[in-house]
Each structure stands twice: as C-alpha cells, then as structure tokens.
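If you scroll down you'll find the structure; I have some questions about it.
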Amino acid sequence: MTTQLVDRTTAVRLEAVSKVYGHGGNGLLALDKVSLSVRPGEFVCLLGASGCGKSTLLSLVAGLDKPTQGEISTVGRQVAMMFQEPALFPWLTVSANVEMAFRAEGLSKHERRTRAAEFLDLVHLGGFGKKRPHELSGGMRQRVALARALAQSSSSSSSSAEDEGGAVLLMDEPFGALDAMTRDLLHDELERIWRERALSVLFVTHNVREAVRLGDKVVLLSSRPGKVVEEFPVELARPRRTDSAEVAELAAKITDRLKEEVLRHGH
Amino acid sequence: MTTQLVDRTTAVRLEAVSKVYGHGGNGLLALDKVSLSVRPGEFVCLLGASGCGKSTLLSLVAGLDKPTQGEISTVGRQVAMMFQEPALFPWLTVSANVEMAFRAEGLSKHERRTRAAEFLDLVHLGGFGKKRPHELSGGMRQRVALARALAQSSSSSSSSAEDEGGAVLLMDEPFGALDAMTRDLLHDELERIWRERALSVLFVTHNVREAVRLGDKVVLLSSRPGKVVEEFPVELARPRRTDSAEVAELAAKITDRLKEEVLRHGH
Amino acid sequence: AACGSSASPAGDGAAKELRLGYFPNITHATALVGVEKGFYAKHLGVPVKTSTFNAGPAAIEAVFSGAIDATYIGPNPAINAWEKSKGKAINIVAGAASGGVYLVVKQGINSPADLKGKKIATPQLGNTQDVALRYWLDSKGLKTDTKGGGDVHIVPQENAQTLQTFATGDIDGAWVPEPFASRLVIESKGKILQDERDLWPNKQFVITHLIVRQDWAKANPDLLKKLLEAHVEATKYLNDDPAAAAQTVNTAIQKLTQKPLKPEVLASAFKNITFTNDPIASSLTGSADHAVKVGLLKPVDLNGIYNLKPLNEVLAAQGQQSISDR
Amino acid sequence: MAVDTHARQIAGLDALELAGDQRAGIASRVWARVWPMLTAIALVLVAWQLVVLSGRWPEYVFAGPITTFQDLGHRLGDPEFYQAVGTTMRRAVTGFALAVLVGLVVGAAVSRVKVLRAAFGALITGLQTMPSIAWFPFAILLFGLTESAITFVVILGAAPSIANGLITGVDYTPPLLLRAGHVLGFRRLQLYRHVILPASLPSFLAGLKQGWAFAWRSLMAGELLVIIAYQSSLGEQLAISRELSDSPGLIGTMIVILVIGIVIDMLFEAADSALRRRWGLNPV
Amino acid sequence: MAVDTHARQIAGLDALELAGDQRAGIASRVWARVWPMLTAIALVLVAWQLVVLSGRWPEYVFAGPITTFQDLGHRLGDPEFYQAVGTTMRRAVTGFALAVLVGLVVGAAVSRVKVLRAAFGALITGLQTMPSIAWFPFAILLFGLTESAITFVVILGAAPSIANGLITGVDYTPPLLLRAGHVLGFRRLQLYRHVILPASLPSFLAGLKQGWAFAWRSLMAGELLVIIAYQSSLGEQLAISRELSDSPGLIGTMIVILVIGIVIDMLFEAADSALRRRWGLNPV
C-alpha cells in the first residue's frame, strides 16, 4: 500500500489474485492465483475461452471489484476502460457520451465538444455526434465506447508527465462487433495512440490474430478457474499486418495451445 | 397478402424493401430497395460493414418493424430470432430464459425444463441453468440466447409437417463474443440442427470465413444506404472446415470485394 | 402562569393588536356582526386581526400555541381545553348564544318511544348535543351506549353528513344545532320532536361563548375590557334589531364562505337562537354532570373556568344586571 | 398451411404498439389525442345525467350536470373564484417546490449512505402514511396561523414520496452504468450528478407525480387549518360545500380540482414523453 | 507522482458501494441494520425531551416523551386498543387488496390501449389529487353507513397510484425485451404476462408502496365517515385525540401509525431487495 509496492517498471501488477463469486458451496472460483504484470507502455493481450475470467480480471484491475485474495496495483492517476458491452449513457447524445471522458479535466464546453468530435472522426462516426445511442447499430455503439475510452486515456489528467508510462487502458473485446475492414483501420489508430501516449494496455480478445497483430505479449488463460497457462512474447517488428505470414504463424501456434486448453476443459 | 404471393420455393422474400429511420431532412436511409430471397432449407449469410443495415433487415423480416417501402413475406408459423445483444430476461434464470421458447407450445413444466437443459448442454452451459443472466460472462450470455433461438426454431410449433421448409431462423452475429474454439464447435451444432430441422437461416456475421463455412449463399451489403452489392453462391461440399484452403480462398475473394465496398464509402 | 407565557409571539407585555377567532356560523352571530359592523375596531383602539375556523380543535390549537388571544367557541372545546391544561390555559369571559338545538326526526316518529331501534345522529361523540341526547333518552327509559348500540343507535357524524344521510334515509333523526336543524326541517321535511331549551331551567343553555387565553388576559386587562364592551354592544345590536342583524349575519357569512344561508333557513335559525351575554354557567356544569351520568366523562372540576368580573364591570358601567358564574 | 404474410406481421406489430403512423399531420395527431378524451367526457356526462334522471336521489343530495354547470358557471363569472384558484395554486407550487428540494436532499442522502438508509429509510414510508391532520397541531405550534403552517403540512405530505421515487431510481440504476461512471473517474457527488441522477430520472419523475398528488391532497386539508380572512381557497371551498351539503358546489369544486389535476398530469406526461424519446423508449 | 494502490481502489469501490462484506455473520449483519435505527430513535427521543424541557410550550400543548409513553402504555394494556388496530388493519388490507386489483386492471388497460390512454390517462392523476373528503358524500350515497363506504374511499385513494406505477413500468420496459418477447411468439396478453409485467415489477412495486400510503391516509380520514358499533379504529382515535386537544394521545397514536408504516415499509423493502438480488442490481 506504499509507493514501494509499485515498481516504476510496472504499470499494472497482479500478484496471486483469486476471485470467488458467491459464497460457500455455490461459490464460483473465477480466477485462481493469477499473477501478471504490464510494464509501462506495454501492450498485453489476454486470450482465453468464453467464461474463463477475462472480464473479471479487467474489473479487478479497474478497481470495480475486490479480489478475494491477492494484491493488485496500478500506476497512473486513472485507469480507462472499455467494457465488453458499449455501456453508453442512454440519456446523452453520442458526442456527450464521449465528452464524459473530459469531465474530470474541467475543459470548456466548446473544447470538450471539439475533442469529442476528433475521436468520433477517428472511429468513423463523424456525422453521428448528435444522435442518441439507441439510434446506432451495434457496431457503431461499440465504436462510440472505443472513442470514449481512447479519449479518456489520452486526456491530460490521466497521464502526467512525471509518470514513466502513460495511463492504463483496459479493453474488453473492443472490436468484437466490427467487420474486418473497420477493425483493421482501427488497429492502426489504436497502435498510433498507444505509441504517442505511451499507454499501458491490457487487451482482451477472442481473435488470436488480432492479439498477435497488436500485442507485445499474449497471455493465455485457462478456464474455470482462470489461471495463466502461458505467456507468448510477440517479437515481430511493427508495423505488423493481420494477414502477414509471421502473424499467421504465431497465431496458429497460440491457437493450438488454446485449443488444447479448451478441449481439456470439456468445451 | 395472399398465398399466391408466397412462393412455395421461398421461405423469406424481400422485394425492393427500403427503410428510413426518422423523418424528412433528419431521415436516415438504412436500406435502399433491397431484394433478397431465402429458399426453404437454405442457409444465407449476410455480410456488410458496421452500420450498413443488417440488423435492420432482420428486424423487418421478423416483423418487429415496418418497411418504409417494399414487400416482405415469410413462410412458417413463427420466425425465431437471435438478436445482436443477448436480450435475456433478467428476472428469469438461464434455464427459464430458454424455456420461454416453449411457452407457446404448451409443454408441461417438466418437459420444458428437460428440453431447455438439452439446449444448454448443446452450448456448453450444462451446469448454469439455475444462474441468472447477470452471473454469466458476455460470451455465456450470448450462448444462452443461442440456445433459446435454437430451441425455438426446433420446437414443433414453428415448423409444421406441411411446410416444405422448416421454420425461419434469423441470427445476428450469434458468435461474435465467442472464442474460435467454442465457435467451431457451435458451427457444427448449428449445421446439424439446420439440416435436421430443414431450417431456413438468415445469418449476419462479420467473419467472412464463418460466412463461407456455414452459408449456401453469402450476400454482401454496401453501407449507407444498405444495398445488395453481390451474392456469392458457396458451392463447397459439406462438412467444411473454417481453416480449409477452399474456405480461405473464397473468403479472400469476398473480403476483397468487401474491402472495396467499405473503402468506397470512406470507412 | 408557570408556563406558556412565552407562547405568544406578539408578546403579552402591551399587545399592539387583538387576535380574535370565530366560526363563519350562525351561532357565532355575535362575532360576525361585531366584525361586520366594526364594533371591535371601534372599542379596542388597536387593530383587530380575525381568524376564522371551521371546527373547535383548530381554534383550541391556535389558542394553545398563542396564535390567537380570544375566540368564540362552543362549550365542549372550552371544557376540553380547561381540563387538558388543568385550568391553566383559558377562561370563559362571556356568553354569546343560547338555544338553537333540536332533535329533528323523520315524519312518523311522534314520541320518544317510537325511537326504539332507530338511528339518531349527533355531531360528535361526547359533545354537548351527544350528551344531551343520551341523557334525554335515558330519562325516557331508552338505553344507549357509546358504541352505537342499545335501544337507540347513536351515530356520531359531521353535521354536513347528517344532512345527507337524513335526506337519503340512512338515519332517522338527529340532535343538531342551527342552522342544521332548520335545514333538516325545511329541506328534508323533518319534524322537531324535542327543543333542547325545554330541558333546561329558564329555557336557556349555552351554545356559544367567548374564551380568552389566561396569560393574555392577565397582561392586557384593558384590552379585555374593551373586547367585552364590543361584545356587549354586538349582543345588544342582535337583540335590538333582529331583522337587520340577521341580514348583517348573512352578509358576513357570504363574505367568508361565498355561500349565504337561504332566507327561510336564516329566518328560522335566527329566531331559534337567543343572543345573550350570560354564559349560563348552570348549563355547562349541568351538561358536564349529565356526561358523567351517561358515562362519557370523568368528573371534571370546572371551578374557576369563568372569569366574569370584567364582564360584570362592563355591564355595571352600562347599568345592566350582573351575571353569575354558577 | 401456415402462411405468414406481410399483413399478419403488421398486425403483430400493432399488438406491440411500437409504431405510430408518424407521417400523419399535426392536426390529425392532436385530434387522435383529443377525441377519446371528449368521448370519455361525453360518456361520463350522459351516465351522470341518467343517474339523476333515474330519480334515485333528490337533486339537492346529488346534483345533476345541468345544475352543477349552472352553479359552476356562476362561480366562473366571479373574480373571487380565480383568486381562490390562484391562492391555492400559489401555495401548491411553493409547497411542492420546497418538497422537491427536501425530497431530493433526503432521497439523495438516504439512497447512497448506508447508515442513513438503515436509520431513516423505513421512516420515510412511515411518514408518508401519516395523515395530514396529525400534523396540524404541530404546524400551528411551529408557525402559528400563517401560510407557513400550510406549507409545512404540504411539505411533510409530498417530500417522502419524492424521496422514495429518487431512492427507487437510485436502487435500479443499471450497475453497468455505475461501473462506467466509476471508470470515467466520477466519485460520490460527481457520480451522483452525472450518472445516478440522470439514470434515476424516470423513477424520480414518477415520484414527483405522486408527490404532486400528495402535496395537493395535503393542501386541500391544510387550507382548512389556516383560513386567511377574505382570502378564499379551493380547499376551503371544498370543505364549505361539503359542510353545507351543497351538492352542486361540491361537484363543481371537484370538477375544478380534476381539471387542474389533469392539466398538471399533462405537464408531467410531456416531460415523461420527452424523456422516453431521448432514451429511445416506445413513445406513446 | 500519482500512485494508485490497491487501498485507493478499495476506497473507490466503497464510494460505489457495490460491495458489502458478505462474509460477516448474520448477527453482525442484523446489528448493522439495527443500530442506526436505534440511534435514530434515541436521537429523536432526546431532541423531543429537550424541546419539552426548554419550556417553549407547556406539556398540555406539546406532551413530552414520558407523558406520551405513559399514556401509550396505558392504551397498550387495553384490549380495545388492539381491537382498534385490528379493525383498521383489516380495512386497510381489504381496501388495499381491492385497490391493487383495480389498479392492475386499469393500469394494464390504459398502458397498452392507446385510445383508453388518451381518454383516461390524465384522469388517473386527476383522480389521485382528489382529496378523500370529496368522495365522502358519494361513498354514503352508494353504500350508506357501512364499511363498504370506507373501502370505497380507500380504493379511490390508492388505485390511481397503483395504476400509475404500472403505467410507468410499462412505459419504461426496455424495447429490446419487448422485441425478444414478440419474436418468441408472445402477443397481447401473453406478452403482458411474460414480458411487460415482470419488466415493470420494480416500478409497480414502487407504485404499490405509494398506493399503500394513499390507502392508509384515505382510511384515516374515511374511518370518521362511518363509525360502526362496537368498533373503535385508529382513524377515530386520531381524530378524537385531536378533538379533545389530547396531546399525549395524539402523539401516541402518531407513533402507532408510524410503527405500522415502518413495518409495512420493511415488507416492501424485503420484496424489493429480493427483486434487486434476482435482477443482479446492487443490493443494499
């Protein structure tokens, strides 16, 4: 609970973190002694079968839930997060939803709007600022959520100059509802922002190629209880392409390992 | 509006269907003169960029919304649908949610429960019948919705013996939140049920390989306004594998066409 | 007084105004004409702030809280206030009205014996009319009880409701004050079976009197006297020219409630009420005794409830007879 | 053979009542809202006249529409009537505004602070069930015979249900939105202002509507408490009509109260509709 | 340097108040619910006694806790008291049950049928604002001097807010769930029963709570309407206490009313908690 605990070379650290939902006989062990760390400016991808505890892990890191056991520490004034569901505020317009990311900063109304528009352009939703969430398609909503999370993690209050790494960004299947093209374009944008802002990213996906395309490290979780099975460092040069051979090769390797894991658990 | 209009060789027919959201200057043309037909027992996949009108199209077919112009007809007493969101009833247990599919049939409580359990097993959620939706992960919720839709479309009331084809099943990105393994397993199950029940399926996905893996025909929509760009018949022998070369080849061809389309629209 | 002296926001030292309460009701005619004709204003020399109430409890609450100094009121709330405060809160300083209470019954009921098994309404359980009815029935050999059982069923209900239930036949009679008695007779063809005046010595019993807060009276003896002067003049006006007075009363009622009495009801009711400065002490103690007898009240010590000395001084100054508090 | 044509689907859709014919002109839309109301009024009037004609009760016990509207017409011609309505409305609005304030503060505190909730949560409903007359003595003790006494009774009547509306709203705020707000860096008051309050708005609005009804009813009773000389009010008129068994007067006053209630409801309804439209919920 | 440790995150979490220490024993959990209430009661009693001691008002005007509880103690020793409470509770429960029925039917009809809504929607709030005393004459006309007259007043008091609760719930049913129900083949009544009603439950429950308050208040007034042989009632006791300027009696009766209100609230709260737990909403 002191600064000593937070190593300057770690942005996020989980040490033997376990999480049990419910009590006693009905309790469900979602995470079992997971240890994991993200270095400042590192891009870590999390892979695992459906229901293995990825979202649970992100909630714990974001401080939305308490671990049953273990320690979690994060550096950076703020942790930005993109949920698995869009989690937009239905009473706000699309633009206002993105503007919420700047609320804490105390920007002027006009500035907030301008910056929100930039991020909406980024996710190809330029003309939709005045719509309400219910008027968007599923994928468009997801992109609004993406815009909000990116806006938050690149806002000045979440990364201060003194920090070695920038803010922490948690993303839970951010591109799940998007077509391959849009996805590819957004991969590039995300990579750019990550580098510019020196973000520390923890990224959940089901798409192994995507993980390899983006990550510095891919972490594989087993299911029920979620445990770290293996960590794959990705040492390919950037920029990478999702359809490049190297990516495909490493992805195939990880997929095999994942398949093994999933099948072992009767999935 | 007469039986003549419904061709016995068509399960779903859209004729020059347009859909405008909103009015006047604010109106958004989501679908523009879309014509499409699904033969009884045919598996049709819909592809298109995010926001191109795929979900809108399914709503129209399901009768949840009125087309602004054009005619829609469906055969079969009931159209089963799986939404893009899980759309589970939060006040019911997982099992009760699936049981809702049999409500209209008047099965006994016990029978309903047994059949629901079967479908939950099918989606690998055997032990979760007594949980509530909020206790599940995102992918698990999606699988519950899948179980419900499959249950409904294979229940006796939705396909009557006289019909040439079985029920109509509409699916909106049913596997979006699932890992590749679970997805593969469920592809097989879906294919089996589709064949056994002679379902007519309209299947929305962003995964081109998945579309080629499952479909008899892949329909490509352009975006804003949604128009049918091209239909690709898939003449590969079943069973197909997602990672087979033929599938990859056709998928690459469709992806190129899709990319062209997306880029043309400034995405 | 040991307590309550701080209760008056106006301060009891030297009051700059008089706060007077009354009801917009024909039995409060003294106050109505007093205000309408300006008697209070004329005599008091300080501004008179009037408050009207629609029932006794609110008036007593206002007296207790020090929101008003004096009010016209019926005998029951006065007795309650006296008893609850153990004789510390109020005094009766003058009478205002007497009579005007009747047992009105349906046609076809001709004697007390015919009342057996019938439903008779009174304004409220344990009030003077209620006690009077029970005592009277008792004297006629008819049993009643406080729960509405017995030979005659007594149903306490608001007078307004009595008008309605008598008209619809839900009740067979009612022991009520004016103007309700006259309305029952005139509008619903009721018949008077008993005039309460006939049950009392000199055909007199109190229906309205004037009470004041004790600590106000103590601090403002002069104002009290002036109030009584005005009161006496109002009573005189009512008795000197009943026809004009009746009109004045109706004008006042109309101003306060927007609903004047019908002329025939006004005439009948006015005729049945006697306006007097005498609080008819004997009727109050008598009624309390009756209440004890019919089992509605624990014996109360009403000794000291009257403070008629200022009134008698005022009357003496005008050469009128003094009034006894027994 | 089971055939599902377009026509059948539209029928199914109508059952859902999700869609209105949105291309209809304004005139016809207004008419669509007005004619059922006019029909309802006409039906009530006819039924009322029939009951009176049946002769079951004499006119002075149960006045017919003709007598009532004649009487009401007279009153409508009298400036004093408008004064009375004005006085009552002024009191209602003041009292309600204060009650909203109190309800908001109490509701906010109780809904988010566990200790306060355990201590006072149940008390709020307890207070809500307390009839207004019980407060009268206290109102007079505290405020004397002033309008404040009336306002006090109105606030005690309305604030609990406003607070309860807010509490329900807070309790049912979707956890996902709370989490989103938390992640965006909102804490305590900010979380309240930016997430919880807007998310509770529908329920809060429902509470306001109930609160208005409580405020109004308390006011009708409270106006008898302090009758300010020569300042008539609706509550007083209602009581006097009843006191005098003045059937046309009573029914007339009831109609006035009903009309005011309906107008206020329309204001709430408009707010609610706007809210629903913004949230993307089925418009009426 | 901005350092966010585990400790700070827990603090953030507490602000969210999503978690309770669920491993605590039952005894300590009960205690956690009880002590704030006891403290609140103690505080109120102390404040009350202090006001009395201040001598601002004499005891006969504002009775102190000691006098009041002595008086209440006497009444609690009297079987008639329990009879009175019993009578009132019986009437409240009967009236409320009928009001729920009426409210449910009216609410269901009005919320789903456009024409009815246009015709009667606004009337419901209008009726809600109608003070009970306005109905007294009609109650007696229709039912004479019977208990049914009281029940009638109670129903008219409570049914509108129950209907309104249901209507709000229906209006705010998530469209996605309606669509899901429609696709599952539910139409009209079935859609109502399987989707709309359960989805509206939270709002309906809130409406029930408000309805109970209305029912109870209407009852307190209505019990004066018909005073039935051999049956004392709380409403009557309240009125008589006031009539007799009996301050300890009045406060005592108010305490009884408050306690009943609190107990009823706890029942509602239990139902609501169960509902929230099932729906996965933040438990209290």
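Going in written order, the chains are labelled A, B, C, D and E, and every chain counts its residues from 1.
Here is the rule we go by: contacts are C-beta pairs under 8 Å (C-beta built on N, C-alpha and C of every residue); 3 or more make two chains touch, one makes a residue touch a chain.
Which chain is which protein? Per UniProt: A, B = ABC transporter ATP-binding protein; D, E = ABC transporter permease.
Please read all numbers here as calculations on a predicted model, not as lab measurements.
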Lowest number of touching-chain links that must be crossed from chain B to chain C: 2
Reaching chain C from chain A through chains that touch each other, fewest steps: 2
Inter-chain pair with the most contacting C-beta pairs: D-E
Chain whose mean Cα position lies farthest from chain B: C
Geometric centre distance via CA averages, chain D-chain C, whole Å: 40
Inter-chain centre distance, chain A versus chain B - centres from mean C-alpha coordinates, in Å: 29
Inter-centroid spacing, chain E versus chain A (mean Cα positions, whole Å): 46
For chain A paired with chain D, centre-to-centre distance based on mean C-alpha positions, whole Å: 47
Residue list for chain C, restricted to those that touch at least two other chains: 57, 61, 64-65, 158, 164, 168
For chain B, residues that touch 2 or more chains besides their own: 63-64, 79, 85, 134-135
Residues of chain D engaged with two or more neighbouring chains: 12, 16, 18, 57, 61, 136-137, 141, 175, 179, 182, 239, 242, 245, 280
Touching residues (chain side chain A, partner chain D) in the complex: 59, 62-64, 78-81, 83, 85, 87-92, 100-101, 103-104, 132-135, 148, 152, 157
Residue ranges of chain C touching chain E (in the complex, touch as defined): 3-4, 6-7, 56-57, 60-61, 64-65, 77, 80-81, 84-86, 88-89, 119, 124-125, 147-149, 153, 155-158, 161, 164-165, 168, 170-171
Chain A-facing residues of chain D, complex: 176-177, 179-180, 182-186, 190, 194-195, 198-199, 201, 275, 278-280
Chain C-touching residues of chain E, taken from the complex the two chains share: 55-61, 136-137, 140-141, 144-145, 224-232, 240, 242-247
Residue numbers on chain C that touch chain D, as the complex places them: 9, 50-54, 57-58, 61-62, 64-68, 158-160, 163-164, 167-168, 183, 187, 255-259
